[in-house]
Amino acid sequence: MNLPLLPILLLVALAGVPLLSPPDYFMHLLITAVLTAVMGTGWAMMGRFGLVSFGHGAFLGASAYTMALLWNELGITPWLGIPVGVLVAVLLGALLGYPCFRLRVVGHYFALVTLAAGEIVRILVTALREHTGGSLGMTPNQAPPGGGFLAMQFGKAGFWWVALGAWALALLVWWLLDRSMTSKALAAIAEDEDAAASIGIQVAREKLKITVISVAFAALAGALLAQYRMYLNPESLSGLGVSLQIVFGAIAGGMYAPFGPSIGALITIGLEEALRFGFGTELTGAAPLVYGVLLVLFMLFLPRGIAGLLEKRAPTRKPAAPAVQLAE
Amino acid sequence: MSAALQHAPGPSLELTNIQAGYGDFQALFGVSLRVEPGEAVGVVGPNGAGKTTLLRVISGLLRPRAGTLRFGGQDLAQLPAHALPALGIAHVPENRRLFPHLTVEENLKVGAFSKAARAHFEQRRDHVYALFPRMQQRRHQLAGTMSGGEQQMCAIGRALMSGPKILLLDEPSAGLAPLVVQQVFALVKRIREEGLTVLIVEQNVAQVLRVVDRAYVLETGRVAAEGRAADLAADSAIRRSYLGGH
Amino acid sequence: MDLLDPFFLEALVNGILLGGVFALPALGLNLVFGVVDVVWLCYAELVMVGMYAVWFLYTQAGWPLWLAFAACLPLVSLLGLLLHLLVVKPLLNQPPINQVLATGGVLFVLQGAATLAFRTDFRSLGVDMPPMEVGEVFVSGTKLAAFCAALLGAGVLWAFLKFTYVGVAIRAIARDREVMPLMGVDPQRIYLIASAVGGALAGLAACLLVVQLDVHPFVGLSFGPITFMICVMGGLGNMLGGFLAAFLMGLIISIGGFWGNTEYSYVIAFLFFILTIFARPRGLFAR
């Protein structure tokens, strides 16, 4: 299998960015954008097959809080805490997904079950305020002097490379998936679940596979983002709000192309910053307002996202391309 | 009986060279057909001949690709489907399509939805109950819990609620026991004796030719034959193809 | 334990009262879903707008409370109409997920607009009715009044669906869309009416909630998710199912709060929802 050359060159070039010693603020935006891109890419891995989750926030929260609590309460380094957190999130996703797929909870029903899961995590995080700080949020303890690396508390360049690694991994997995039987099976399932089952595709198993992968990336990005910011709060790491933001990024960028969600992340982060600069913190409401208008406009006029514009035009005009079929 | 029983002769229905289909599939290739006021006309033919498509075109559920479609002076192709019941066109669709979770009377109420029909609701409902006394007994029963024959009567009753000038019936005998088929056709006969124009699509050729004045034979989207019902019933080719005769 | 424990009885009563409050948005959401076949993800935000409207008209513009309430209903109803015309209608032939996400976009729009207009402060109406004492059980007068109004609203809706031509057509269209034009029914018009009625129910829910909860731009997130769960538990589009599920959820939350605290009782309610869907994927009351 030949990996495409261009993305690898891009990655190498991006890895060199800190060597140019750009301003901190610029690095901060880049790191945030790349981690957001990992979340969106993870979400789109299942979203593009009609498995629409409104609960990915739950998985960010599960891994981030696991990581932070392990560090604060037991002193276990995030290097270990993050894998454990991702595992917790994956187990949660499997626990939720498996019965759904087995019992054929699909379409709206699946979306709303995931929404409930996201809310459960949000409320739990808030309720366990003695440990998590509740809605005020929590801060991972500072590493002792000299222990920065061990505690995964290092400068922007270090985080940039970690984030870039996660992003590369997500794209690699997407690329591998596109060449796997799983992706073909899932496409068949999205088209017609009964027909797929009748030709011997193990529907529940294939769906579970993609869910686990998708959740793992969202969870990884969530934990890394929390560790980078050194701050966790339930609003930004669980619940419907952040879940919809992930969905927004993936949709706006385009969830069918591997780079689509990353483009979406650039848009969301860029937008957020532009609005903050343009309107100042006083008008915080402007950001969701603009998101919302854009999301509606995308659905109305560009359901396949920005990446959809770059797709090769089919020789014959087809009716408006559906973003994805909810199997029902 | 009540005044609702008297149907003034309505306009004639006239289809010229109708072409219609779904996507890449063409179902009708230049069908022309005419139903005079007070007449009962049958359209017969094998499965897939385009009979249902024809009725869907007339009632506006499907737009013709070419050809004209007139009801009296009105060009039907210019009107949305939901405007047609008010003009006097009522369509009893294939498989009846009752609302199974509504009661019999509620089904009739939906049939009387158009503004003009609402004023006559009680009068027409009583007329329907007079035609089908069993509907009156079951007026508060959920339509989905009735037998096939009763559902067919309810569907016809629902169509009558709009006060139609022409009644389009799609396979009223489908899926019914032979005895019930007899009853349904007897009802169709009664309805047309009241002066209502009827266009009926059927696979049960022998039965339908006894009820209608004239009939068209539709084959793969084209009119293969047309004529008086008695002549068609006597036609040896048609007997061979549709009546199992010799 | 003693089932006649006054505190337990109080929790029971409060659960039923809470169910009444959940019932209205659940009915509205189910109505729209049943007819138009689209989930309004921003339904709770429509309620939020209504709450702000009442708060603004009453505390800022100095209107009498009843007039603010009376204005809230048509206002949110109009919002429902606009939502349908501008966002849902152009997407009617698109896959359901596109429709849901577009209404999710409207959720952000309304939250953002509310933040811009009123900032993130919690706004309170500052009206309260004296509690009533029945035996040893104290019942909040405000909650009781809201409950009665919710039942009244549900009753009016029931009569509308049962006895009017449009109401019967609404129940019919939920089952068979394609045949409706043959009845002389323009489905597009029924969609509009259902959206307006769905909006009006959100407006009524806003009136009942604004006397019990403080308004802030994100208040929708506190009862929106539970409303969706209730609808799904009752069976999406199944009005009666949703109505009953609202009381079930109200009781779970209130009795859960009696034994533990309210936050955990929401967790229990959501878990109960998930397990329900596993057991009956089309809702508790699916036929």
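Per-chain residue numbering starts at 1, and chain names A, B and C are given in the order in which the chains are listed.
By definition in this document, a residue touches a chain if its C-beta (ideal position, glycine included) is under 8 Å from a C-beta of that chain, and two chains touch if they have at least 3 such contacts.
Just so it is clear, the model here is predicted, and its values are computed rather than measured.
Colleague: Graph shape for the chains shown, where an edge means the two chains touch. Line, ring, star, complete, or other?
Modeller: Here the contact pattern is a line, an open path with two ends.
Colleague: Specify the chain pair with the maximum number of C-beta contact pairs.
Modeller: A-C
Colleague: I'd like to verify one number: the distance from the centre of subunit A to the centre of subunit B, where each centre is the average of its C-alpha atoms, in whole angstrom.
Modeller: 56
Colleague: On a C-alpha centroid basis, what's the spacing between subunit A and subunit C, in Å?
Modeller: About 30 Å, centre to centre.
Colleague: Indicate the whole-number Å distance between the mean C-alpha point of subunit B and the mean C-alpha point of subunit C.
Modeller: 43
Colleague: Going by the touch rule set out above, which residues of subunit A reach two or more other chains?
Modeller: Residues of subunit A never touch two or more of the other chains.
Colleague: What part of subunit B is in contact with subunit C in the complex they form?
Modeller: 59-61, 80-86, 90-91, 93, 97, 99-102, 106-107, 109-114, 117-118, 158-159, 162
Colleague: Show which residues of subunit C lie in contact with subunit A when the two form their complex.
Modeller: 39, 87, 90-91, 94-102, 104-117, 119-120, 217-218, 221, 224-225, 228-229, 232, 236, 261, 263-264, 266-267, 270-271, 273-274, 277-278, 281-282
Colleague: In their complex, what parts of subunit A are in touch with subunit C?
Modeller: Listed in rising order, the residues of subunit A that touch subunit C are 50, 52, 96, 99-100, 103-105, 107-109, 111-113, 115-117, 119-120, 123-124, 126-127, 239-241, 244, 247-248, 251, 283-296, 298-300, 303, 320, 322-326, 328.
Colleague: Flag every residue of subunit C that touches subunit B in the complex, lowest number first.
Modeller: Per the touch definition, subunit C meets subunit B at residues 165, 168-169, 171-172, 175-176, 178-187.
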